[in-house]
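As written, the chain order gives the labels A, B and C, with residue 1 at the start of each chain.
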Amino acid sequence: MTLKVDNLQVWYRTMRGDVQALDGVSFSVGDGELVGLAGESGCGKSTLGKSLVRLDGRMRHVGGTVELDGKELPIGDSERMHGFRFKEVSIIPQYAMSAMNPTRRIGRMVAELLESRGVRFDGIRDELLRRLELVGLDPEVLDRYPIELSGGMKQRMVMVISTLLNPSLLVADEVTSALDVSNQKAVAEALVDFRDRDYVKSTILITHDLSLAYQVADSIIVMYAGKLAEKAPTDSLVTAPRHPYTRMLIGALPEVGVRYDTRRLTGIPGSPPSLLDPPTGCRFRDRCPLAFDKCVEQPPFLEVAPDHAVACWKAS
Amino acid sequence: MRRYFGRKLGIYVLTFFVAVTVDWMIPRFMPGDPVQTMLSRASLRPEAAQSMEAYLNNVFGLDVPLWRQYLSFWGGLVRGDLGVSVWLFPQPVTGVILRAVPYTLALLVPAILLSWWAGNKFGALAARRTWLDNTVLPVGYVLTATPYMWLAILLAWLLGSEAGWFPLSGGYSFSLAPSWSAEFLASLAWHWFLPFLSLFLVAFGGWAIGMRNMVIYELEADYVHYLESLGASRRLVRRYAFRNALLPQLTGLALALGVLVAGALVTEIVFSYPGLGYLVLQAVNNQDFFLLQGVFLFIVLGVLVANFLIDIAYVVIDPRTRTGMRGEGA
Amino acid sequence: MIRGRHEFLYFAGRNRKLVAGLAVVVGFLVVAAVGPALTDYGPNDYVGPASQPPSTAFWFGTTTFGQDVFAQFTHGLRSTFLVGVLGGGLAGLIGMLIGFTAGYRGGVVDEVLNMVTNVVLVIPTLAVLLIVAAYLRVRGVIPEAIFIGLTSWPWVARAVRAQTFSLRSRDFVDLARLSGAGGRAIIVREVAPNMSSYLLMTGILLFGGAVLLAATLDFIGLGPTSGMSLGLMMNNAVLWSALQLGMWWWFVPPGLGITAIVGSLYIMNVGLDEVFNPKLRKL
């Protein structure tokens, strides 16, 4: 499968104006690729992920196109998207902990969900049980209510549900953020496993945890303030980042074994610009140590090396 | 689940105790001699006054210690003896009340059930059709703000007095004697309709608005968003949201019981409908305290039973309570 | 949480429901305040021909005894507002006191208060008021308001307790506790202001509920023994066959007044909810 996103713009309509959460984003995801989508809170990564499946209440598709396997993905049209959801594109939402109906047994909810999508539960039950076992869930979890499951169990359950119909594209939105480290490992490994077993063709893993993306992703996209900063194969991005923001992000990661009195943790001073009225030019300008006069002009997202694209005047 | 019902029953038993105790306490803590007060305020014929005095002295047994009086009060209660009515002397209160209870139940039970069901259905419908929402909302607010007796008065006046379609008073036509004949049953129904309608409409307004809000709130829940992201049918989503929105409505029903009973009482007064409300009015006008106390105890008992029934219904609708977990309001 | 008075007033002024509802309530309040002075006789005085429909002399007509219905209406409005404020206010105070204490203290105190709340909650209010009021020989507006206040608080206590529970584990409360503030000070200065919007809406509902309950009591004949009230007007109307005689001017105004006031209060509440909760605001 291939996903091609071209100059996608998705804004939020608010009382004070439009928040330009996703402002012209272009990239593609190849068959079987696991792409990590990283960035600060509010950079637009969740918006990007969600807009590929279902536009939220206040989200508006303002411009740009999305192509899935050469066909248009009509993200702006909820009716037409209906056929794609669950079967071609699926999402593990950020709120997976509360994603299941609290007053329905899980198994019954899954059955009713499938029936409403025209899939007979009996035909798929065996597959469901197999996948439950794969992620380490006991089959009797289907007889339970969501409240009886721990956070990690719920996350894995939602993972199984979302991928049950073998979608081409899976968007995993902050699937590890609410978990402890051992659960995080299990979930991340499950994601890779699903891809390897062809349950899912390609995955976009949205996370603010760069180190997680490093562990499992084939390539990483870094976003900042509604625009893409850098996209590169994982190793290249981590060892030789070209965008100043990426460099500072990686530099801000704590290193195992290094103590506080030897070397202080550095953050990136300042904060991202408001997307209600974004500044012209490169949005990282105000916090960038390498900023110069050309930066008042928005740098294009250009390929500087095979599969490695950057939006920075200094990099190209 | 046993713990759930156990707790509820405990509260109800305790409440009944408190109610009975309050009932017993009040006349004794009012200033003055309760026996003389009651006698002087009730306008009785001399012979009636005498036997009444004897009876009252017996009940209040003022030469007996307080705790004895309390216990004998409970004793009478258990025997079903609620005293003797002043207004309908010498009929026992229990008998008077039991004759009136069926009428009140005939009003209350259908009105409560139908208004709750219809109100919820309408409210849910209004939550997803804007044109309906724009009419249901204001109408609902007006209805629920209407005092029960005023709607009863309006209906009695417009449909009863002015249009003459329905009778204005009584449980059945005065020219008929109670029997199982079709004519009598028809007369019963005809007299029943307006008071029932009045109760139904006011309650309906409240439920419609409440359900509309609850459904809108449920439709914003995460599980709804998830289902929609997976392309679940609107029908499925609505079914889930409706079911979940019913839970707080059920809790609300239990809370509204007192108001509903009060509404039934005043509605009966407007229509001179021979239920408990009518008894209350007569008791107040005739200073018949035993009757009032009897009605009070009956109402308390009825409300407690209704609460318990609602608790059962809650367990049916919210499956989580069956497995021993707390659902909302449990 | 509202950031400052200005934002609140800005949105409040623009909310049609809030403004309209408030206007109606204030309008009736003005009538209650000024109305009785417009007539130099009392509501129970026999001042005119009996059973007259509304005319220029008597705006709301007269009763079967020749009393001025308008005078009764304005006097009745007064007692309505009085009972609403006093009864609703008392219920609010008790509910908040119990709710805050139960929510903040927790433990045994919470258990006990919970039980008390549950018992008072289940007991049907009117039933209790029936026997209490019936035994009092002389009844006034103040006692009626007190009774209403003493029986209407349980739902408030429950809700306040729930909110206090969730608030008390928040950081700013911990900070206040660290700085040595006592329980009561914390509740008054930290917890309550965060619930101010909710408390305001609760107050409005209590006021409306008290008005309805008082009207019901008065209608049964257990209201104040002297003076006039809207419920009493309806009681008299029904008693003296106004229905059968078609004297609509006697029973329509009191009921309409109550409906209008309570309905406006509900609408105000909806408006307030929109003002306080940004998600509900229409764009």
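Criterion: a contact is a pair of C-beta atoms (placed from the backbone, for glycine too) under 8 Å apart; a residue touches a chain by one contact, two chains touch by 3 or more.
It should be emphasised that the depicted structure is a prediction, and the values quoted were computed from it without experimental measurement.
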| item | value |
| --- | --- |
| Each chain counted as touching subunit A and subunit C at once | B |
| Result of counting contacting C-beta pairs for A-B and B-C, higher pair | B-C |
| Furthest chain, CA centroid comparison against subunit C | A |
| Separation of subunit A from subunit C, taking each centre as the mean of its C-alpha atoms, in whole Å | 52 |
| Distance from the mean Cα position of subunit C to that of subunit B, given in whole angstrom | 22 |
| Whole-Å gap between the CA centroids of subunit A and subunit B | 55 |
| Subunit C contact footprint on subunit B (complex, rising order) | 11-12, 14-15, 18-19, 22-23, 26-27, 30, 37, 41, 141-142, 144-151, 153-154, 156-157, 160-162, 168, 255, 257-259, 261-262, 265-266, 269-270, 280-281, 283-285, 289, 292-293, 295-296, 299-300, 303-304, 307 |
| Touch list for subunit B against partner subunit A, complex | 221-223, 225-233, 235-236, 240, 243-244, 247, 318-320, 323, 325, 327 |
| Subunit C - residues contacting subunit B, complex | 115, 118-119, 121-128, 130-132, 134-137, 155, 208, 212-213, 215-216, 219-222, 231, 234, 237-238, 243-244, 246, 248, 251-252, 254-256, 258-259, 262-263, 265-267, 270 |
| Subunit B-facing residues of subunit A, complex | 53-54, 56, 81-87, 90-91, 93, 95, 98-105, 112-113, 116-117, 145, 147-148, 158, 161-162 |
